[in-house]
Structure formats: C-alpha cells, structure tokens
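In structure tokens below, several structures.
Look at the two complexes coming up: subunit A is in both, with subunit B in one and subunit C in the other.
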Partner chain A sequence: MNPSPLSIHRWTPLSVASVAAVVGAQLLLVAVPLVFGANVVERLTTLCIYGILALMWNSLAGYGGLISVGQQAFFGLGAYAAIRLADAGFPVYPALALGALLVAVAALPMAQAMLRLKGGEFAIGMWVVAEFVHLLVNLDPLIQGETGTSLIALNSFDAEARRSYTYWAALASMAALAWGMFFLLRGRLGTAAQAIRDNEEAAASVGVRVFAAKRTLFLLSAFGCALAGALWVATTISFQPKTYFSVQWSAYMIFMVLVGGIGTFEGPILGAVLFFAVETAFGATGVWYMIGLGATALLFAMLLPQGLWGAIEKRFGLRLLPVGYFLK
Partner chain B sequence: MQEANATHAVDSTGEGPSRREFIRAAGAAGLALALPGGSLWAQGADPKNTLRIGFISPRTGPLASFGETDPHVLTLVRKALASGLSSGGRQYAVQIIDRDTQSDPSRASQLAKSLINEEKVDLMLAISTPEVVNPVSDACEAAGVPCLSSVMPWEAWYFGRGAKPGAPSPYKWSFHFSFGVGSFVRAYTAQWNLIPTNRKVGVLYPNDADGNAIRANLAPELAKAGFTIVDPGPYENGTTDYTAQIARFKAEKCEIFNTFPIPPDFATFWRQAAQQGYTKTVKIAQLAKTGLFPSTMEALGNLGFNLAGGAYWHKHFPYTSPLTGLSGVALADGYEAASGKQWTQQLGATMALLDAGFAALKTTADPKNKAGLAKTLGTLNTDTMAGKVDFTKGPVPNVAVTPIIGAQWVKAKPGAKHKLDFVITSNADDAKVPVGAKLISYS
Partner chain C sequence: MSLLHVENLSASHGQLPAVRGIDFTVDEGEIVALVGANGAGKTTLLRTIAGAHRADRGRVVFDGVEVTGQPPHRRVAAGISLVPEGRRLFPTMSVEENLHVGASAARPGEWSVTRVLDAFPQLKPLLRRRAGDLSGGQQQAVAIGRALMANPRILLLDEISLGLSPKAVDGVYASLRILIDARVTLILVEQDLGRTLATADRILCMLEGRIVAAGRADEMSREQVMAHYFGTREAA
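Showing the complex of A and B:
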C-alpha cells in the first residue's frame, strides 16, 4: 500500500451495527423450531436454501464474472450424492454435507476444463455439463431413469425431529457459506475476484492469478449448490432427476441475483426473500408465474442492472456488510 | 408483488422507476412474505368437527388429460357429502381441498406440504402418474399424515421410492392401490389369444423407468406364455426416426405390437410405421401409457381405429360408487352431459380413490386420529367404483393391486356423438367385468 493523504476504511458505525444485528438475527433464527409451528419452520428451510443458491450464483457471476446456466448440475449431484451415501448406510444428516464435499471434489477436474471457456461459451458449456450429468445419473440402477427414488433413510426420524434438524442444517449451511464468503471476499480473493470481473486481461497483467481465483469461486459455488440440493432432497424426500437437473434452478438463481443486486453481498439475500415472497403469492398461477419471473428479471437487467440493493447502495452509500473499502 | 413492481417500471418510461417506488415495492414484498405467515394460524371454523381432505392431481401441463375430469368428480362427491360424514358415532363436516400440480413434481411436493401444514388435512389423496403420487406420498411420510393414492404402477410406487424386495415396508403413512406388471401379464395373454396370430410380438420399450421395468419383468412372462418377443432395444424418449425398429418388425413379421411410450412418441412411431408399411402386418397393436384417453386417440385420425389398450376403469364396470351411489354408466353419462366431452377411464379411477378414502374415514375409530387412520388404511377392504380394493392380501404391505382390462378403440357407430368408442374385449383380470365386443384385427 502506498502512503496517501486519504485514509482507508472498512468498518463504519452502521456496518458494525448491521453485522451485530445479523449475528443476533441468526442466533434468534436458531430458536425458531422451539417457538413456531411446522409451517414456519418448513418455509424458513426453503428460504434458507434459496438464500444459499442466490449467494452461490452471485459468488460466481457477481464476483468471478462467470455467468453459469448449469449450476443445477451441482444441485442435482448434491442430492444424488446424499441418496447414494444414505443408501450405502451412511448416517443421513452427515451424508448431506459429505455428499456436497464429494461433489466439490468432482467439480475440480470440471473446473480445469470449463474455466478455459469464456462468457457465453462458459454459460452454455455449463448447461451442457448439467444435461450430461443428468443422463449419467439416470443410468444408475438405484435411480431408475426419470422415475428416481426417495431418501427414505430419513423415515427413521419422527416428523418433528426431522423438520427441526433439516431446518438447522439449512440455517447452519447458509450462515456458514455466507460468513465463509464474507471472509474470503475481505481477503486476497475478494480483491482478485473484483479485478477479474472488471477486466480479466488487465487483472492478469498486474499479477492476479486469474485461473486460481476463478477456480476457488467455481469450487465454492459447486459445493454450495450441492449442499442446497442435498438439503432440498432432505425436505422433499423425492428425487426425480428431471426436477433436480432442471434449468429452472438456474433461472431462479439468476432472478434472485439480478433483482436483489448482482455483485453486492447483501443483494442476493434480499433477492432470495423477494423470490420466496413472489413464489408464495403467484406460484399457483402456473405458466404466468414463470412468464412474470422472466419478465421481471429482464426488466431489472435492462432498467436497473445493479438490482435493488445495488440501487439502494448507490443512492444512500449504504454498506451493511463490509466486504469492500472506501476512502475518506 | 413483483408484477406490480414491473408495471411501475413500464409506466415511468424514460426516467426509470424512482427509488421510492422500489423501496415501496420491497416493503410490499416483505408484507407478502408476512401475509401467508399470518394465515398459518388461521383455522377452519370448527376444526374439531370438520374433516379436511387434501386432493392432489395434475390438471394443467403435459399430464392435464389425467386431471381433466377431476372437477366433475369432486363436484359429485362434495354434493354427496354436503350433509357431512358420520364416523365413530359423530357427525363431521367434510372439506375437500383440491390442488393442481401443474404436472411438476416439485410443485406436487410443495402443495402436499402446504396442505399438511397450513390446511391441516386429516387425509391426503393423490392420483395419476409417479410425477404426482411419489412426491405427495413422500411428503406425507415425512410429516406423518395418512396418504392414499392410485393410478400408477404399484412397483414404481413401492420399489421406486427405495423399498427393497424382501425387507419390511419402510412406509408407515402412505398407501397405494393400482395395477402392476402382473395385471398387464394377465390382460395381455388373454387379449392376444383372442385372434389367431403368429404369436410374434414386436416390442418398443423406451429407455426410461417404465420401459426398463417392463422389459425386465413383463417380457419374460410373455415369453413363458408362448409369445416370441422381438425387441430392437431401448430407444430414447423424443426419438423422431424409427426406421430401424420398423424394418426389424417388418423383417420378423411381428403380427402383435406392444409399446409403453410417452404419447407424442407413439404418434410419431405409428405414422412412420404406416408410411413404411408395417401397420399392414399388425393384427393386434397393444398400447399402454398412451391410448388411455379419447383425445389422444382422436389426434391419430384413421390410424387410431382398432388400436388396443388397457383400462383401469370402464363405464361398463359392474360396480357402483358407495360414496355417490352412481353406476359406471351414470357417472360417464353425467360427465358427458355436463362437459360436452367424451367420458374417460379416469372418471372411475378418481371416484374409486375418493370411495376408498372415505370408506377408511368412515370405518376408522376416530377419523381425527392420524395413526389410527393409517392403521385402518393398511387393512382397508372395501368396494369402490372400480371394484374391490383390498389391502389385506397385497403382494407387499401398503399396496393393493387392482386389475387391467383389455379394451379396444373402435370406430363409433354412425350417428354417435364421438368419433371413437372404447369397448371391452377381454376380462382376464376381473371376470365380473362384462366383455362388450370381439377384438377386431388391426389390419
């Protein structure tokens, strides 16, 4: 760092307060199953999973500049890995996390190949990967093609215990991934990632290890999406490959991130809450709901490319969670 | 909320939406989030004296033809239960809450959860295809709510959800009655012995769960019954060129043809088979999974006449619905009069599910006791619109097997309202069902 008349700040009183509030809120959320009924717990579980997906897509697109429409590959693989491990007799809740870890390991060779592609090629390439992985999973005799199977290992828990465990697992996963990303982005990787997003060649020319940074984000995103898939199968039990490897998951992630605010830390979480609300309100309208989602994402991309949080941030200079620096 | 937001964005063209509007939209969205939360605690007027039944089926999307007739059946049942249901010495009001899965398994699962958690249903009913029945059954298993389902092969329901052959049943809350591979074996061997053929069967089974299960389980049984199976191997759903398969069937002179395709694939295959001259050789064309409903058959035009199919219900089944007191013919005629459309076999299947569900509610000691109701379902032995449903002697626990009847689509008599008539040609799986017509050779 060069000496400068300007001083560099990271924390503001507001961000200190908001980080404290977030920590407090997360601790309060832990107590939800003790206070509220089944419906609130299950809905919050879904919201946590959406939150994970939004965070993970944003980590790729918002920070790594890697637009992927194939993250459902990891989502489906995470669910599949959990089912395979549970079928092999592995305790089912640890299987969710271990499965996601195995998917991240499998994503390593994938990263070596896919990260050589750029822009649109990468996006479509990831979709192809997702379709390919889908077909491979269909070949497994345990899955029986599109009929799929169910995570019946969870039947050994009674309804209430399983609901609470799954909720805690989802909450812990979202919090861990969000904090993990928070600290990663505050470190060397955050700086590198933003340099890459703004201009890859320029970043490389000043010594940023472009490939390594991208690979870290790719693996993080693969792990997070796989964990979301594993948690999803724990909440729905049924695994039908077509629904897990469906491109609609990518559409949901894109919606959440674009509307919430791409490249901001808070935006995707806001997007996940919004998406959850929209789904609750309009999900029953079928095709029109999908058209509405698409149109909204389109309008946001055209009229408000930085998303809701981006706009709020720009207007008020708000930084609730300090992942960047500012000058005074 | 998002839609309102989008309109704002369009209205204020040129300048883009104001920040305030966005904040307002965000606030409104937050409210929307809170609203369903607020209604969670809302209950029916008198929850203790009301039985709430969830009913989930596919009404829109690719599986819509299954759910098309459900509103009619539900109207009849609601009318029959208008004065409530008496069970365990008490009178209950009945509320049936029906939901459409839009043919999407994730949505089926979400609907089941919301019916369980928000509507607090006492019994769940789910019908038609694994895409509906399996996720709903799983959701009920997870939440400890009794669930009864029908109309998908029981093997795909029981083993398809992870149960292992020989092991005790892993299901405590979900029960299913439907046809299975055995039903097809009985129906086909009877049907194919009706007219003289060279007993060579060309089979077109896709590379999906149904196709592979049928290849593994049905084909050997048919071979045992004296038929020669000619299998050109699995094909992928959505294939558009069947020249190789047709050439093989032609070369082997397969006079019987059997297939388990998704409906659009059959239309493609059968048109190509006609162009390439294979259909002239075929004496019996036996369809499953497609050819269930008149609408899909009419779409085939003249090629649809004399195709043979299977029926899980037919209006000439000699049973009445205990719930509504309707006979098969009365149910079918009532539907035709109300909708102006031709009756379908789904009418009776949906009615049978409701018959069985309410029989369990009636006979159980306390219909509000979920564990007790699940126990009653496990030993349920009752009459329905589609015949007997008996859970006491199933091949596996939680399952009752129902028949498949051989039938054929024939050209309707002149002056009839509809183009095609669906007639019963063999009854090996349920001898009480009257055979209505002789099987006609396709070519």
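Showing the complex of A and C:
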C-alpha cells in the first residue's frame, strides 16, 4: 500500500450510491400522505420523531462522549415552547421550529454549567436538570401542573390536513437534522468530536477546542430533541408534563442508539427503525413490552456492544454514510 | 529574552503539592532535560506549562506574553505543544487523522503531513491504519508528528521512550535529530540518563516538586545527576 500522503478518501462508490438512495427514499416519502391512509401517515410521523431522537442522542454520546439521561428536558421544553408560542398567537407550525430554537438558546447557559461535569456526573446531572425544568413548567398557570393543556391552535386545521402537515414537518425535520449533522461531522467538528471521544485530555493538549466542540453538540442535540418534542405535541395535541419530561424518552434514545450502533451515523437510524418495528408489534402488550425492551438492550450491551451497524461495519468494512475517513 | 520563562510555578493534585515554586527559563533552540525520580513533578510541570493542568500559583511567560490562565488550544496556537506521557493517541482514528487533529490550532509554518512523513518515514505505509493498532515505537512517532503539525516553537516531550523496545527508542531519537537540526526548542522528560546527557544542552534535576540542581549537560557527570535524582547526601 502506498497512498499519496495528502489524499483523503471518504467516498466509495457504495457510499455515493447509498446517499443517492437515501435522498431518493426521502423524496418518495414526501408522497406518503397522498397515497396512504391515516394510520400509515401517523405511524411514519412517529418513526421520523424516533429517528430525530436517536440521531440527536448519538450526536451527543456517540460523537461527543456525553452520555445523558436527561434529554427529556429538551423534549418537554420543545413541546412547552410550541404551546406557549401558539398561545401567544404565533402560527402553529412555524411555532414548532421557533420553539425548538428558543430551547436551544436556553440550553446555552445550561451547557456552560453542565459541560463542566464528567461521565456519570453529567449523565445524572442532566436527569436532575430535566426534573428541575419539569417542576418549573408545572408552575406555569397555562399548564396547570400535571393537568396539562392542549395545542388547541391545531384545531384550525381539519384532521387530514393536520396529519399531513405534521408528517411533512417531521420528515423535513428529520432529513434536515440528519443531513446537517452529516455535513457537520464531515468537517472539523467531526474530527474534533472523534478525538474528544477517543481521549479528551489528549485532544485538548493538541489544541482541539474541547469545550466549544462539546457545546456545539450539546446545543444541536438540545435543538433536535426540542423539535422532536414539539412535533410529538403536534401529533398527540395534548401536553401533560409528566409524560413529556419522563425519563422514558432518554431510555428510548439509549435503546435505539445502543442497538443500532453508537458512534456510527447509520446505526441510530437502523436502531430507530428496529425500535419502531418492535413497538408496532409488541407495544400493546404493556409491561411485557417494556421488559422485552430492557432485556434486548441488556443482551446487546453484553453480546454486541458495538450495536448492529457497528458489527456490520466491523465485519464487512461497510460505510454507507461515511462521516470519518475510510480506514483499511 | 528567553522563549519560555517559568516563574514561581506551583501546581498540585488535590491537596498534594506536585510542583513547588519552580523558576527556570528556556532559550530559543535550546534543549532542556528535566530529570528526577517518579513523583518528582516532571510530568505535572510539563502539563502545567502546556495548560493541561491548572497552576496554583506563579506564571508561565512564553515569548514575552503571559499564558498562565490561557486554555491549551491558545497555548498551542502560541507555539507550545505537548507530547504527553503514554502517547495518548486517538486509537480509533487513522494515523492521518491523528496528524490532522494535531493541526487543530496550528500556527503557520513548515510542518505538514508531508514534512512529518519526511521526519518519520516509517509512518508512510501506515497512514490509513488505526493508530491503536500500531506498535509502541510507531505510536510514539505519530504522537511526536501530531505535536509537530501545530508548528510549535517549543515541544514538550514527556517520557518518549517509556515502554518502548531499545530499537524503537533508537528510532525515535534518530528522528529527534531532525527536530534538533531544525532548531525546535525542546523540553525533554526522560528516565534514560545516558540519552538525556547525550541529547540535552542543559539539565534540570527535580526532587519532590522542586528544581534541586541545574547545569550544562556537558559539565555534569552521570553520577552527579544520579545523586540529585535520588536526593542523596552527596548531592547536597
């Protein structure tokens, strides 16, 4: 092997074909509300939201090394911000995105404090933040404690239009966040993030701006999770704080990313599809569904810690959506 | 004017003082070796100069500018690069990626991937290999090359022969000759006294966080350095 010293190869014919196929599939998915019925549209909206959550948790943990069990803070705040903006008379669909943006701005001072914590301290600290934010939202008279409220501004749309608009908003959000993250991770941030994940102290000592890189990932993740929360309230209409600020959302994110493959770009998307499929098939079985999810996560952690896509990538050297360099 | 001026510098690990009021200077192009037993504070001193460890007291002045409170990336941009003890590569990234990360806060200068490969030709066929899969000697070459990618004016080398075979150490020191010829200023922490005396211009002996002896390498005998190294009565 005698590569040119300055050549960097990230694209392979397979990855070019994969990106083209993903773009094609996303364009085809736009037509779903025109072809399929209400149930399919609603289920695919849910899948898009799960996809966003998995991508965002992976950007934080898989690339930034920041394990959080408190991302429900942003999920709940995104929904809350959308409700507040809509209540103030802001057009409801733009309010979903604007609310998420406001949550990202609010996450900035949070990042300054939380990113000083390491490892388990950060993980649990984020959970504490989520509980704190939950209590603060409960104090809002509009929310009426755990009674909650509804995104009543959506009543101005008929059911079919609302379903379609929400689906398109979820699909566009997932696509925009995925491609945004894809190109961000292919740049300096991606290299810095991978260096931080490998060895944070060494990354700092060679000049990587560790705090700035982590803050970018934290804010990106906060924005994405908030957008997912806003889309969820657009789907269900009702907002009850204890549902939105529940730690189950972080558990779902962790499940999707661990099963799919942490630190890979493709893995969380695969994990979201698997989680969605399992939920569709077994979600109605109640507590046994939750036990099954936990057991599956445990088995993956013990037997396939790199996740499904991680194992495929390792076994076949396959990278469909490469964000790093292609290693031989 | 000295390139590096360390003034009354102290640093600790929790309640345990590791560096106690150290003063020394390094001139441009000089090679200064820090010697001392394990726990003498050599690594902490290098890390404090590089900004990887917080100073409790004192000042670090580089090229006339105080950098004591600056984060590591600013010091790298100013020209201070650290090759940490144990190499600390990014094991899942390729050799080439490791080198590129080293240029994150690079100054303008002559060091590039091509130049690093000229200095460490053994890395040429390994560019696409994962850094974690390399031998110790190869990893050390990557660690030094990664630091050089920042175009440093001073390179802090912490125990570069640690855990390497004698042959690998020979290779690393042969490559250091290129840096010495290029007049890169070096601070070297090394346990191998023979190599230290043969490489350095000046020796600083550390004991329990203090510099207890200093002198030109060609004027100090191995026995003198050893005496200071262990803090024996003869040294005093």
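Before moving on, here are some points about what is shown:
Here is the rule we go by: the second predicted complex is superposed on the first by the 319 of 328 C-alpha atoms of A that agree within 3 Å, B and C clash if a C-alpha of one lies under 4 Å from a C-alpha of the other, contacts with A are read in each partner's own complex, and residues count from 1 in each chain.
We take it that contacts are C-beta pairs under 8 Å (C-beta built on N, C-alpha and C of every residue); 3 or more make two chains touch, one makes a residue touch a chain.
Computed from a prediction, not measured in an experiment: that's the story for all the values here.
In the superposed model, A:192 lies in contact with subunit C only, and not with subunit B.
For subunit A, the partner touching the most residues, choosing from subunit B and subunit C, is B.
Contacts of A:201 after superposition on the shared chain: subunit C is touched, whereas subunit B is not.
Using the contact criterion defined above for the overlaid structures, shared-chain residue A:146 touches subunit B, although it does not reach subunit C.
Touch criterion met: A:209 reaches subunit C, while subunit B stays clear of it. In the superposition on chain A, no contact is made by A:28 with either subunit B or subunit C.
In the overlay built on the shared chain, the residue A:161 is in contact with neither subunit B nor subunit C.
By the touch criterion stated above, A:39 is placed in contact with subunit B alone, subunit C being left untouched. Note for the complex: subunit A touches subunit C at residues 1-3, 5-6, 8, 188, 191-192, 194-195, 197-199, 201-209, 211, 324-328. On the subunit B side of its complex with subunit A, the touching residues are 1-3, 5-6, 9-10, 16-17, 19, 22-23, 26, 29-30, 32-33, 35-37, 40-41, 60-61, 100, 102, 104-107, 109-110, 113-114, 116-118, 130-131, 134-135, 138-139, 141-144, 156, 160-163, 170-172, 207-213. By the touch criterion stated above, subunit A contacts subunit B in their complex at residues 37-40, 42-43, 87, 144-152, 154-155, 158-159, 162-163, 236-238, 240, 242-243, 259, 270, 273-274, 276-278, 280-284, 286-287, 292-293, 295-296, 299, 303-304, 308, 311-312, 315. Touching subunit A in their complex are the following residues of subunit C: 47, 50-52, 71-73, 76-77, 81-82, 84, 88-94, 96-97, 100-106, 113-114, 117, 124-125, 127-130, 146-147, 150.
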